[in-house]
Structures are given as structure tokens and as C-alpha cells.
Amino acid sequence: MSPHPISAPGPASGSHGGGEAALSTPYVHHHRLRVRYAETDQMGRAHHANHIVYMEEGRTRMMADLGLPYDEVERRGIGLVVRAVDVRYRDAALYDEELLVCTWVRTVRGASVEIAYDIRRAKDDTSVATGSTQLACVDLTREPAAVIPLPRDLFDLFDAARLGRVIPPG
Amino acid sequence: MSPHPISAPGPASGSHGGGEAALSTPYVHHHRLRVRYAETDQMGRAHHANHIVYMEEGRTRMMADLGLPYDEVERRGIGLVVRAVDVRYRDAALYDEELLVCTWVRTVRGASVEIAYDIRRAKDDTSVATGSTQLACVDLTREPAAVIPLPRDLFDLFDAARLGRVIPPG
Amino acid sequence: MSPHPISAPGPASGSHGGGEAALSTPYVHHHRLRVRYAETDQMGRAHHANHIVYMEEGRTRMMADLGLPYDEVERRGIGLVVRAVDVRYRDAALYDEELLVCTWVRTVRGASVEIAYDIRRAKDDTSVATGSTQLACVDLTREPAAVIPLPRDLFDLFDAARLGRVIPPG
Amino acid sequence: MSPHPISAPGPASGSHGGGEAALSTPYVHHHRLRVRYAETDQMGRAHHANHIVYMEEGRTRMMADLGLPYDEVERRGIGLVVRAVDVRYRDAALYDEELLVCTWVRTVRGASVEIAYDIRRAKDDTSVATGSTQLACVDLTREPAAVIPLPRDLFDLFDAARLGRVIPPG
């Protein structure tokens, strides 16, 4: 399986931390959505806070499509909490434009995972924004939530996605 | 104590359901906020879904100012769930405009309360939107949340506000 | 063409204002979406302001599917401004649940249109919320926007939908 | 004038790019807001997309308090478009908690400005999130909006704030 080359900018060299990884290509998940009217601002474009939500939607769709919906994870008392986010805005996304959210796993660590995104305009395949999120695994049953190692199945799912070793949905 | 006449359109005749109420004027709470850039849409005004949030902010500020913050209510396992909302939009609210959210209690029943709102533009005291919400009292510790009678202190607080028998904050 | 009976509660008797209309059934548009994580609140359900956005999404999808996308309308300098909204919440919509937004035209007047909605949970076809919006047609090129009659094509599209005389998409 | 030491983490060493700057301390603007119920998510905290909006609110309040409200800038046909944003989340912000948004100018260039933020919990002065935004100056009267040099008054305002040479409001 190979990701669509257009939407797979790929991890920066060495980010996988291993020789094996250097040869692998991550699985890239694709999710389509449309810019809602409520998401536009008076500059006539999707307000930049919405891209954070688009990225989250891409991430949770990826998890569901790979067989581990995030709501099931939370029901087990485990949460993935966003610790950091960065976005680089490249072009305006307009009302009703269809966007393609490309999502892939960049790095998996013991208790955290870094997910990367490329939000592209569907009609001309132009990148609207790229970004990443750092997620920490937490025990939601403790107050306050404590960081814990990723459960085996979550770790394996993210690592397989990172290495491109997943069976894509559909 | 009398509410500010400008922002107290008052309950519709008979809505209190009693002779006493017909003579009373509700306490009207005032809360100021500004339209955020993220809340505007490409028509150059606050998108109409935000007025629902402004009304909620007015309602929770009123409860806090009357001595019973809503977060304390939830910590007791009790929730006020919105069952119905209606809004009539009267004028555009623009970015950075200061709004005055006027909030008052219209009707209190055994297990529900109706709150009314008048969102006014501060600079010219023009009504931007009026509306109301029906809230049901629920037991959050049950799954799914079950409707329960309003606890005594909540009922009394809302009823005193409805009758104008509260000590206004500040 | 007949709308899906499940999702077509139908206009209230007499709302069409004519004998002909009393015999007709409106076209009911269906749009699917999922509750986003960002849309949940700490009560663990979609916050009630989001249903306003879901209704708007249903409305604009209906217009696009009937051949007149709302962004084209705005490019002609014409806007449909929400003058009133009401929602009755019937059940909680949870994170990641798929919702079916059923949208139909209830009333068409010279310069306004009333759209009705039934937001249903896809998996068990339970109504999550019902509501309606009153939209006024405005000239966006004037400042402030002035109410104008619905252009012929918009009036005809809404009226055909109201009478069930449209060719459904797909 | 000196900023409040608590909320002035200060720019990283050398980020001003000059010897003069190394001796200066930026003006730090303070803005208070409360986490809205609609902003919480089912994890019981302010959803991470809202911090972007809090930062924007801090930035526009700073501009208004320094004498150049952003809506006036847009009325002149000039926009400040967000090109990049990064946020590091440090602690959960809960419903109704009062937050102190500390905002300061980190770097000013010919056609862009970098603003930094520290969002702190008011009651215990703990940092909830830190971040920054890169803003490009654009000509809104052109389609698409073209990058232009910062007008003199905007450049001077940001540069004075960066160097701590402003008369704080109030």
C-alpha cells in the first residue's frame, strides 16, 4: 500500500529515529469536509481556529477507519490530550469549498504520538494549511488526568500507520 | 429594587400565572461582552449561532452573581439542560461591538425554568436579538440524565429573580 | 417523488395557506454529518448551539443539491439572513454519532422563507432536535442590507421544494 | 513602564535581533475572560481550539487599548492575516475559570509581526497555555489579498510595544 503521493509530504528525514523508518512511507488517511458558513469570518474565509477542528476531525476519522474509534478509547478511561499544536496557513479556504484533510502519524513514543496534517482544497489540490499535533495519553479515571503509556493496541495502531503497514479502509 | 427600564421589556402579560406576579417586575441581570472576530461570518456580522452562546453566558453570569454559580450546581450532580431555544434577530451585531446581555427569569415550574434575554448594542441601546430558553432540571448522576424537581435553593433563586426580590450584585 | 416518511413530519395543517398545498408533501432533503469532538460540552453531548449550525448545513446542502448553491446567491449580491430560529431539543447527540439532518421548506413569502428541520440520530432514527428558521432576502450591496423580494429563481426553487415538485439529487 | 513580572515570560534571548532590544522588555497587555460552557468539551475542559480564539481576543484588545482598534485597520482596507500559529497546552482550563491572557509583541518585520501569548489561570497564576501567531499585513482591497508593508502607524505601534515604549491604558 502506498499513500497518495500528492497528499503525503512525508515525515522530515530522520523523524522516525531509525534506519527502517527511513525506508518506510506512512499511511495517509483522507477525509473530505466542506467549510461551513458559520466557520467563515468577515474576511470571507474559514477563520483560522477552525483548521484545528478540521485536523481533529481528520485524526478521529483516521482512528475510526483503522478500527479503533476514539470514543471507544475514552470509554476505556483513556484519553489522548492535545499538548501542542502548530499550523501554517498557506491559502484561504472559502465557504462551501470541499477540503481534503490528509492525516498521518509522524512519531510514536511511549506515552505520546505526533500526528501531521495537510489540509488541501479538493478542486485544485492546493494546500490550504499544514500542521501537527502532539497528543499525550492520559488516564481519565484519575483526577487530574495522569500521563500513562499508550495501551498496546493504540501504540500498535499508530506505529503501523506510521510505517504504512495498515490495511486502508474501504 | 427595580430593573433598568431600558432593558426590561418585561414578561408577557399573564406569563407568571398569578395575580401577584402581574404586579411584580423581574430582576434583570446585565452582562457586557464584545463580539469576537472568530464569531463574525462572511456577511460581516456575528453569526446567528453565537447569540445562543451569548444568552448562555448571560444566564450563567446571572446565576453566579445571584450566589449560585452553575459549576457548583453541576458539582452537586444536577444539570440544567436546554430543552428549547428561540431567538428573534433584530439587528446585526458587528465585530468588536460591545453588547449588553439582559437576562431575566420568566417562568419557574417544578422541574424547569424559562429564561428570557434581550441582547442590546451598548453604544445606542438598540436591541440586536431577543429570545428565551427552556431549561429542564436533570440528575446528572443517572445515565441517561433523568428529569428531577428543581432543588429548593435553585427554585427559590429563580423564583426570587422572577419576582424581582433579589439583592442585585455589586 | 415522495419524501422519506420517517423524516417528513410534514408542515402543520394550513401552513401552506392554500388548498393545493394541503394536498402536497414537501421535498425533504437529507444530509448526514457526525458530531465533532469540539462540539461536545462537559455534559458529554453536542452543545445546543451546534444544532443551529447543523440546520444551516442542512439548508445550504439542500440549496446546492437543488441546483442553487448559496455561495452563488451571495455572489449575485443577494443574502438570506436569519431573522428567527427556534429549536426543540429532544435527545442528546453524542460525540461521533452520525446525524441525519432532514430539511424542508415550510412557507415561502414574497421576501422570506421558512425552513423546517428534523435532526435525527442515524443509527436508531430517533429525533434529536426539531426546529425552524425564518430567512429574509436582503440586498447585500446596500449598507445596511435592505430587505428585497426573493429573486424569481430562488422563489421558484423554494416553492417547488415546498410542494414536493423537485427532482431530488442523485 | 514595566510589565507585570509574573506575566512577562519575555522573549527568548536574541529574538529581537539587536543589542538595544536585548536590554528592553516588551509591553505586556493583560486581558481577562472566562471559559464559556459552550467552549468545554466532554473531557470537561476548554477545548484546545478555543485557546486560538482567546489569543486573538488578547491581540485585538491590546491593539484597541494601544489606540489602534483592529476594526479601524480593516476599514482602511488593511488586514492582518494569521500565517502561522503554535500553542503549547500546559494545564486544563475549566468552565467558568477566569483566565488572564498576556499578550506581547515578539518581532516586527516589514510586512509581518509575531505576537506571543501566555494564557494564565487568574486564581493561581498558573500558565494554561503559551503560544504565538505570525501575522502578515495584506491589502484587503485586492483579490486575492496581497501582502504589503505594515503601514507606518501599525509598524510604530507594534515596535513601540515590542520595546516597552508605550503608555499602558487605564
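Every chain is named by a letter (A, B, C and D) in the order it is written, and numbering of its residues begins at 1.
Just so we're on the same page, a residue touches a chain if its C-beta (ideal position, glycine included) is under 8 Å from a C-beta of that chain, and two chains touch if they have at least 3 such contacts.
A quick note: this is a predicted structure, and the numbers were derived from the prediction, not measured.
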Chain whose Cα centroid lies at the greatest distance from that of chain B: A
Pair sharing more residue contacts (C-beta pairs) when A-D is set against A-C: A-D
Length of the line joining the C-alpha centres of chain A and chain D, rounded to whole Å: 27
Chain C and chain D: spacing of chain centres that average the CA atoms, whole Å: 39
Rounded Å distance, chain A centre to chain C centre (Cα mean): 32
Contacts with two or more other chains, residues of chain A listed in rising order: 37-38, 42-43, 49, 52-53, 56, 95
Residues of chain B touching chain A in the complex: 37-38, 40-45, 47, 49, 95
Of all residues in chain A, those that touch chain D in their complex: 42-43, 48-50, 52-53, 56, 74, 79, 81-89, 92, 140, 144-145
Chain D residues within the chain B interface of the complex: 36-38, 52-53, 56-57, 60, 64, 69-71, 94-96
